[in-house]
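Heads up, the next two complexes both have chain A, just with different partners, chain B and then chain C.
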Partner chain A sequence: MTSNNYPTLPPPEKDLNESEEAKRYYSASQFQLIWWRFKKRRIAKIGALVLIIMALSGLFAEFFGPYTGTTRVSESVLVAPQIPRFCNSEGCTLRPFVPSTISKRNPETLRMETKVDPSVRRDIYFFVEGEPYELLGFFPMNTHLFGVEEGTIHIFGTDSLGRDLYTRTLIATRTSLSIGIIGVIIAFILALIIGGAAGYFGGWIDYVIQRLTEIVRVIPVIPLYMGLAAAFPKEWSSSQVYFAMTLILALVGWPTLARRIRGKLLSLRGEDYVIAANLAGASPSRIIGRHLLPAFSSYIIVDLVISFPYMLLSETALSFVGLGLRPPTVSWGVLLQDAQTVRAIEQAPWLFIPALFVVVAVLSFTVLGDGLRDAADPYQV
Partner chain B sequence: MVKFLIKRTLGMVVTMFFVSIMIFVIMELPPGDYAERWAFRKFSGTGAQITEADLDNIRANFGLDRPAPERYLTWIKDIVLHGDFGQAFAFQTSVNNVIGQKIWLTLAILFSTLIITYTISIPVGMYAAVRQNSVEDHALTIFSYLGFALPNFLLALVLLYIMTTYFGTSVGGLFSPEYADEPWSKGKVLDLLSHLIIPAIILAWSATAFQLQTVRATMLDELNTLSVTAARARGVAEWKLLIKYPARLAINPVISTMGFDANRIFSELPIVALVLGLPELGGLLLKSYLDLDMYVAGAILLILTFMIVFMNFLSDILLAFLDPRVKLIEG
Partner chain C sequence: MSDTLLEIKDLKVHFPIRNDSLFGGVENYVKAVDGVSFHIEKGETLGLVGESGSGKTTIGRSILRAIEPTGGKVTFNVDDESIDLSQLSDKEMRKFRKHLQLIFQDPYSSLNPRMTVRDIIAEPLVAQKLAKGKEVDERVQEAAALCKLNVEFLRRFPHAFSGGQRQRIGIARALVSNPQFIVCDESVSALDVSIQAEILNLLMDLQEKLGFTYLFIAHDLSVVAHISKRVAVMYLGQFVELAPTKSLFHAPKHPYTEALMSAIPEVNPDIAMTPVELKGEIPSPINPPSGCRFHTRCTYTQDICKIKEPVWKEVEPGHFASCHFVDTLNLQGVEMSSPAKSPLTGKN
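Up next is the complex of A and B:
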C-alpha cells in the first residue's frame, strides 16, 4: 500500500480524454471512490442486501411475524410448517391461505403429529390486528403484516411449547445481529487500545503485548471462552447475561483486529506528517486518532465486517451448548438448542430452520467483506 | 540446529507457564468455591446438614484456605512433578482417572482429522490453482465459503439427520456397543477406526476449506515465478516441474499453520462431541463446564493447549527441515 493518499495517478481503466468522467473521478472523495468500486461487485451487493433485509426484519420482528413469539398454544405443539397456497380441491383464489392444521398426540407412538385438513381454508389477511406488542420497544401496536382470522398460521412451524418459530426466528435474528454489533464495537475499542499502544510505541511495549497475544491465541478459542461463560452466575438476569456475552465475543475477536491495527500503525508511524504532529506537541492519542486512524479507516471498516461472522458463529456455538445466552432470551443459538439431537430433528426437521439463517448471514457477511476489501483501496491500480 | 531446537523448547516451556496461569484464573472464576460445590455434590439428597465448620474442614482438606498464588504453585507442582491433576468432584475420583485414556482418543481424533485435511486440501488446492478460473476452481471456492459459513456442529447434525433418515444407521459414539467396555483388542481398534471417520470428516470440514484456499493462493504465486517459466522453456514435463518447484513451496504455509489447525479442531471439538456423543476430552470439557467441575476443565484445557503448543513446535521443526531459510532468519 502506498502512503500517498492523493489521487494523482490517472485511473488506468478510464480514458483520460473523457473529461467529464475524469473530472468526476479526480474530485471524488475517498469514500465515493470506494463506493464506485464496490458497486461493481454484484455478489457483495447481494450480500449487503440480504443483511439489510435481515436487520430490518429483525428490528421489526413483531410486525413481520404474526405472533409475539412468547405465546404458547397447547393445541399447536410441534406443528409442521404451514405453507401458504392459492389452491385446494375446491379451486383457486387470489387470496393465499393455509390449510387448517391441528397437532394431536399419536396414541401409539406418543409423538405429536400434525393433522392437516386441506378442505378448511384459513385465509391470510394483511395488516391484521393481533397480539399487542411494542415496536422497537417503544410504540405500542397490534398490527401485524399478515395473519389469519381463525385458527393459526405458522409458516416455519412451532416448537415443543407451541410457539411460532417464524416470529421467534425473526426475534433471534435481532438478538444475534445486535449482540454481534456490540461485540464488534467492544472488540474494536479493545483492539484500538492494545494494538494502538503496541504499534505506536513499538519497542518493549510492543514486544510484551505481542507475546501475550500469542499466548492467548494458543489456547483453543471456544473452549477458553466457554470457561468464562460457565462462570456466569445462574441468578443473572437475561440482560446481564446478554452484556456479559458481548464482552466474551469481544474477547474472541480482538486479537485479529489488534494485530491489523498494530501492523498499520507500525508502517505509518515513521511518516513525515506524524513526526510533524509529534514536534508540534500533539499527544499520542491525538496523533493516533486524528492523523493515523483516518489514513486506514477503510481497512478498519473492512476488518470489522470480516470479524462479524466470527462473532455470530461464536455466539451460536456457545448458546447452542447452553453456555451462552439462555432462554427466555431468543437467539439463533438458543433456538438451535431444541435441535441438538438427531431425534429432535427427526421428529421436527423445521426446528433446524434457524441454522439456515446462521449460514446465510455468515455467507453474506463473508462476501460483503471480500467485496469491501477489494474496494477499500481505491487508489490501488 | 541444536541451538534452534533448544530455543524452541524453551519457548514452549515459557508459553505453557503463562497458559497455565491463564487457565488457573479461569478455574477460579465461577462464583462460590470448590468446597461448597464439593459438599453440595457429596451430600445433596442425603439429608445431611452441612455447617460452616464442615465447609471449613473441606477447605482445609483441599488446601483452599491458602492464598491463590500458593494454590497455583501446588496445582502446577503436582502436575509437573507427579502428573497429578487434582480431584474431580462430580465423579468423586481423581482427574487422572476421569481423563485417563480419553487423551489417546482425542489424539486419535486430532491426527485422523489432520490427515484427512491435508490429504484433501493439498492436492485439491494445487489442482484448483493449476486450473485457475475453471468450473472446478469456482466450485471449490464456493465450497470454501460454505466450509466457513456452515459450522461443523451444524454439518454434524445435517449428516446425522441424512444418515438416520435415509440410511437408517446411527453414527454416534466412537465404539460399537459390543466393544464399548471391552479391553483393547485388535477388533476394538478396527471398530474405533471405522467410527473415527465420521467425526474426523466433520472436524476436517472447515480446516480443509481454509487450507485449500491457502494452498491455492501460494501455488498461484509460485506458478508465476521465473523458475517455472525457465523449466517450461527447458522442456521439462508439466507435472514434473509442478512437483519440483511450486508444489514444494506451496505446502510450507500449510505446515507452518499445523498448530493453528489443531487449535481450530480443538475449538470445535467440544460442540461436535456433544452432537455426535464422542467420549473424548472435548465432550468431557463441556460437561465439566456445565457441572462447574473446574479441576477437570482446567486439566483438559491444559492438555489440549499443550497438544497445540507441541504441534506448533513440530511444525517449526518440520519447516526448518523443508525450508532452511527459516533457521537463518530466526537464528
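Up next is the complex of A and C:
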C-alpha cells in the first residue's frame, strides 16, 4: 500500500467521549489485566505475602535466628518453647524477656527435665552480636536480629541434641523451598521441550511422546523414589544428595506439566489468529515467539505455582521416611524425622512445629495458584 | 477490466482419515473440494455460496495455502507474471503473501488478544519486512483511517472493541500490505445486520478506491447478491453453477440453486412463499453419491442422474452449470429487486 493510493484520509469516526478509567482499561496489557484481577483476591494475596515472608526468612535464616543451627547446648536438651513475655511476678517492663530455665536430670527416670524459673529474667535485645555466620554464604557477619545476653533463648524449643529449633526451622525453610524451586524449574524445562515438541509437531512424534509420558506416569511413585534414593552412594556429600533429590523430583514431576503444555499448544495452533499470523507471512519462529508463547505464558506461571506443593510434599515425605535428604542437611522432612517417635509426641510436641510450616507453605501455594488461575485468563468472559 | 487475476484449475483438497494404528494408516479421504475450476477477474467480486460443509471455506483457504491443496493449479497473475502458487516453496510463499489476504469470519478469535491494535495491523508489514521504523506507523495509520478506525484505538487491545470494530481491525490488517486479492471468509455473518451493512459498504468503498479483488464467501444470499458481480454455487465439494449475479438469481439453471433461491425470505408478508424443500441432509463428502452428487435430494431426479456425472458446461455466455437437464428444466428464480434492494442498506 503506497500513500499516493489514497486521495484523502477520512475523518475519525467520532469524538471519543470516554473517561480516563475506560481509556486505561482499553489500553491495558494482558499482565496489567491479570494484576488488576489478582489484586481483588484477598486470600491469594495473603498466600503470596506468607510465601514472601517465608522465602525471606529462609534466605536470611542465620540473621533471623539467634544461633547458627548446628550449635549444641548440652544443658538445654529438649527445652520447651520459651515464649517471650512482658510481665512476671515482679511487674511489667516494655522490654520483652524469656524466663530462665534450669535443666536437671530426673534421678528416678534418668531423663533430662527442664523447669522454668520465672524469677530470673533473660532480657531480649535486638541486633545483638552472637555466633559468627556467613550471610547468603558470602558475607561474614555476627549480628542477629534478637538474642539474650546471658543464658539461652529458644522460642520453638530445642531438639534432643540441644539445638535451637527456631533457627533450624528457618534453615529448613530455605532448603525445602529451594529444592522445590529447582525441582520445578528442571521439570518445567523438560516439560517445555518434550510437551512443546509433541504439541507443535504433532503426528507420530506426538504419538511416541504421549506413550512415553504415559509409561512414566503409571510407575508407582513411592517404589520409584525408593529405588532411586537407594541408588545414591552412601559416600555422597549432602550437597550431592541435595542435587540428586531435585533431579528425582523433576524426573517424576515433568509428565503432568508436559501434557498441559502439549494440550495448550495443540489448541492454540488452530486458533484463527495463529492462522492469521501465518497468512501475514510470519515465519514459524516468529509465530512461536510472538503468538504462541505469550498466549500461554500465564497458564505456565499458574501451572508452576500449582505444581509447587507436590514438590514440597514429595521432598518432605521422602526425607521423613529417610529416603531423601539426610542430616546434616536440614530440611522440613529431616526435622520431622525427629518427631517420628512416640517419645517425641509425648514429651516434646514442639518438634512438630516444622510440620506447621509445611502445612502453611502448601496452603499458601494452593490459594496463590487458585487466585492466579482465576486471574490469568482475562479474555474468558 | 477483463484481465484474469486468478485462474484455478481442478483444485482438490482431500483430508485423510487416519485409523488408530501406531503410524496412522490412511483409511479414507474427506473430499472437501473435489475438482473445482474457475477464474476471477481483476477488480471483481466473486461470491461463493453453499450449505455448511460444502467446502466454501476450504476453497478460500487452499487458494491462500493456509490449507495445502491436494491437487490442481492456482495461477496468480501479478506484475505481468503468472505464478503457480501450488509450486512455491514455503519460503517463496511467505514472500508472496503480501498479495493475498484473508478476512476472517470470527472477529473475536482472529485478533491476538495479547497484541495492541497497532501491532496486529502491523503484523504483515513487520513479519515480511515490508516496512521499517516510522513507515510502519504511517502505513498502519493509513490503513486504520481507511477502515474508519480512530488513531486513539491503535494503542488499545482487542478486548476493548465491539464485533464490528474488531472486524474493521481485521480488514485493516488485510489491506495494510496492499494486497491484490482478498478472501472474505463469511466476513459479515458473525455480525449484527446493521453492522453487516457497514462492513459491506466499507469493503465496497475500499474496492472502488484501491481496486481489490474479492472472493466473497457467504451463506447469506442477499449479502452475496449485494456485493458480487458473479456468484458461484457450491455443493458437496463441487461447483454446480457459476453465473453473473443477475442471471443466477433471475434464471437459475441448476435445481440446487433454485432451492436456495426459494429459501430467501420474502419481505412482503402478503406474498406466500413456496420454498422448494430439499429432503434430508447434505451427504457425506467421504462417500459422495454416484453420478450427479445432488441426485439424492433433487426434485427432478431421473435414472441417468444416478449413473452419469453431469458435465460443467456454458449454458449462456458466462453462465455455467452442471446438470443433465439444463436445457429442458424451467426453474424459478427470484425477482432481482428483492435481494438487490436488501434491507441491509439503502444503497444499490
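By our rule, the second predicted complex is superposed on the first by the 341 of 381 C-alpha atoms of A that agree within 3 Å, B and C clash if a C-alpha of one lies under 4 Å from a C-alpha of the other, contacts with A are read in each partner's own complex, and residues count from 1 in each chain.
As a working rule, contacts are C-beta pairs under 8 Å (C-beta built on N, C-alpha and C of every residue); 3 or more make two chains touch, one makes a residue touch a chain.
Fair warning: this is a prediction, and the values are worked out from it, not measured in the lab.
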First (chain B), second (chain C), both or neither touched by A:Asp272: second
Contacts of A:Phe320 with chain B and chain C, given as first, second, both or neither: first
Contacts of A:Glu134 with chain B and chain C, given as first, second, both or neither: neither
Partner chain in contact with A:Ala282 - chain B first, chain C second, else both or neither: second
Chain B versus chain C as contact partner of A:Met226, first or second or both or neither: first
First (chain B), second (chain C), both or neither touched by A:Ser29: second
Residue ranges of chain C in contact with chain A within the complex: 22-24, 64, 66, 94-95, 97-98, 100-102, 104, 106, 109-114, 116, 123-124, 127-128, 138-139, 142-143, 145-146, 148-152, 155-157, 159-160, 170, 173, 175-178, 209-210
Contacting residues of chain A [partner chain B, same complex]: 212, 214-224, 226-231, 233, 309, 313, 316-317, 320-323, 336, 339-342, 345-346, 349, 352, 355, 358-360, 362-363, 366-367
Touching residues (chain side chain A, partner chain C) in the complex: 1-3, 5-7, 9-10, 12-13, 16, 25-30, 33, 203-204, 207, 271-273, 275-283, 286, 291, 294-295, 378-379
Residues of chain B defined as touching chain A within the complex: 15, 18-19, 22-23, 26-27, 29-31, 145-146, 148-151, 153-154, 157-158, 160-161, 164-165, 170, 172, 259, 263, 266-271, 274-275, 282, 285-286, 289-290, 292, 297, 300-301, 304-305, 308-309, 312
